[in-house]
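Next up: the structures, one after another.
Both of the next two complexes hold chain A, though its partner changes from chain B to chain C.
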Partner chain A sequence: MTSTTVHTRPTRGRVRGVLAYANLRRRHLGSVAFVTNRITGLLLVGYLYLHLGILYLLTEGPRSWTTVLHLFKNPAFLGLESLLILFILIHGLNGLRLALVGTGVGVRHQKAWFATAMSVSGCLYVVVVLAMYGVI
Partner chain B sequence: MAPESGTAVSRTWRLRVSRWRPGDAHPHFDDFEVGVGADATLLDALRRVRSHHDRSLTLRYSCCHASCGTCGMRANGREVLACVTRLADLGPGPILVEPLGNARVEHDLVVDMRDLYVSLEPAGRPLVRQDSVLAGQDETAASPGFFRYEDCIECGLCLSACPVAATDPLYLGPAALAAAWRVTQEPRGGDPEPVLAWVDDEQGCWRCHASFECSEACPSGVDPAGATMALRRELTRRELGRLTRLGRRAR
Partner chain C sequence: MAADLNDRVRPRAVPPSGRGGSLAWILQAVSGVALIVLLGVHIVAQHFVVKGGLRDYAQVVSYLSNPLVLAVESLFVVVLIWHAMLGIRAVLFDFGFSAKTEAVISRCLVALGLATAGYSFWVIATIASGR
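Coming up: the complex of A and B.
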């Protein structure tokens, strides 16, 4: 027998809670869906505040607003914007799955629901990106 | 030495076992190399550790055939019953062996199960007598979930796997909710209304975030997540019915 590494036993508290909340080690598809919805939700909340911050620039006069509009046309910014649409699609469609499953509809097929939601999100995202960059 | 169980073919497995005893500042891992049969279970290996390497290793087990639910633990991060988990299914190793999560550790791999048992009490859990099943009644026709929910062995694996139980110690947990649904489906002369009122709470069935880890972990196929969603469906149906009746009266 060899005594090896020391690890810290998790205690009930915020640190343990947050770590357990996002820990996907050896977890299943349901947990992936669960964490995906939380992460995209937090990102969308972050974007909301960013959006409000940008709108605030309207109060600073036409010059600052023109600068912002110029930034929006940058291809890199378009890429970030397309990610925003991806997060909205994932969060929205996974949210729909949760609403259905959470009220007892198609509970046994929750994995298939998630796979469908992610597939539809992916397809729509490709279409959106192609449209944003003027390919279609 | 001859292997303790399984076939005559012995193989050496490396186990990394979480150790903690009251008074220790922190838990730590001890590594053991154990020779057991190629088709041996995790429980076989841990018993081998106790008998040949370290008699102070504390673990709990009883029936050795997945009926008592006492040997629940985590192997490589997943909840298992050690008595029916083959070492060969856990990969080449080292196999990480830890106590169940979301419960207070009492000693090494043994956790305090009282929280789980206390959480099950309000459901009532009426006993199902064998004679009523043998009397020729078509119980399954009246209640499709009848046999399924009877399968709960109260091992606590679902509670350990639940991410919400990890963040909220007040959450009733999947085992209690599955028991509640079982009672609702099969009240056995009891009144299911108090049970439904009990789970219709922010710490009850509405607290579940639908990660379905409880159903994945359950060794008996009880499907606690399905039971939780069924409780929600039932409560939603009742609330919609109440609102409809109120609307009719208002008209």
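Coming up: the complex of A and C.
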């Protein structure tokens, strides 16, 4: 870690800081990796609560679960589910890279690690989508 | 800790007191790596090995009646919530709040994590009992 300083910013600066996440122009690969990890992490937290909410239906018995299963098997819904897998792959493999680099493993090749993590995510995503739609 | 791709843009979630930040990061990384296995098992067992990708009610009840499955799913719930709460904490701490506010945030996240785990275990227990 090169810096452990936390700068206290005034509220307006904070808001601008949050908006700056969305701006990917003239960013270094490092900040793209950081923003990607953060956004996918937060989206996965949002999904966790949605998932837990839906699982409530299982506690109400077979009927309500059967109703929701029909919705889940809809191709449009499958598309959304596949995005979830993509976020898990990107966040998980980038997270693995961060865990390794943060503990001193492969620090000098971290850009190559990042490229590998993203390429593997992309390839696995294609396989998952094909499996989800019954192509393979 | 070694420098990494992200250091240029982010002072990692270290409280102004300087204590606890690195430990939180280590726990985040360890729980993340554990999640690769646990999440992988969860997704494959709950969806990929099942015809049509989703278990019906009877299949879910029978799956959860296996004690080993119950243990692995319970561990998954704990590690996942742990990782998610540490993640939200890291994001919030990067806004640079005062030490007092950060302490309140940590306490709120412990409460949220416990509530989420309590609800999750209630769901698991209710389904496993087949009621």
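In this text, the second predicted complex is superposed on the first by the 112 of 136 C-alpha atoms of A that agree within 3 Å, B and C clash if a C-alpha of one lies under 4 Å from a C-alpha of the other, contacts with A are read in each partner's own complex, and residues count from 1 in each chain.
We take it that contacts are C-beta pairs under 8 Å (C-beta built on N, C-alpha and C of every residue); 3 or more make two chains touch, one makes a residue touch a chain.
From a predicted model like this one, the values you see are computed outputs, not experimental measurements.
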Contacts of A:107 with chain B and chain C, given as first, second, both or neither: both
Contacts of A:72 with chain B and chain C, given as first, second, both or neither: second
Touching partner for A:61 - first (chain B), second (chain C), both, neither: second
Which superposed partner A:45 touches (first chain B, second chain C, both, neither): second
Touching partner for A:34 - first (chain B), second (chain C), both, neither: both
First, second, both or neither for A:131, with chain B first and chain C second: second
More chain A residues in contact - chain B or chain C: C
Chain B/chain C common contact set on chain A: 1-9, 17, 28-31, 33-34, 98, 101-104, 107, 110
Residues of chain A touching chain B in the complex: 1-10, 12, 16-18, 20-21, 23, 25-31, 33-34, 98, 101-105, 107-108, 110
List of chain C residues in touch with chain A within their complex: 1-12, 14-16, 18, 21-22, 25, 29-30, 32-33, 35-36, 39, 43, 48, 52-54, 56-58, 60, 80-81, 84, 87-88, 91, 93-98, 116, 119-120, 122-123, 126-127, 131
Residue ranges of chain A touching chain C (in the complex, touch as defined): 1-9, 14, 17, 28-31, 33-34, 37-38, 41-42, 44-45, 48-49, 52, 55-56, 58-59, 61-62, 65-66, 69, 72-73, 85, 88, 92, 95-96, 98-99, 101-104, 107, 110-111, 114, 131-132
Chain A-touching residues of chain B, taken from the complex the two chains share: 16, 18, 20, 26-32, 53-54, 76-78, 101, 105, 163, 166-169, 209-213, 216, 225-226, 229-230, 232-234, 236
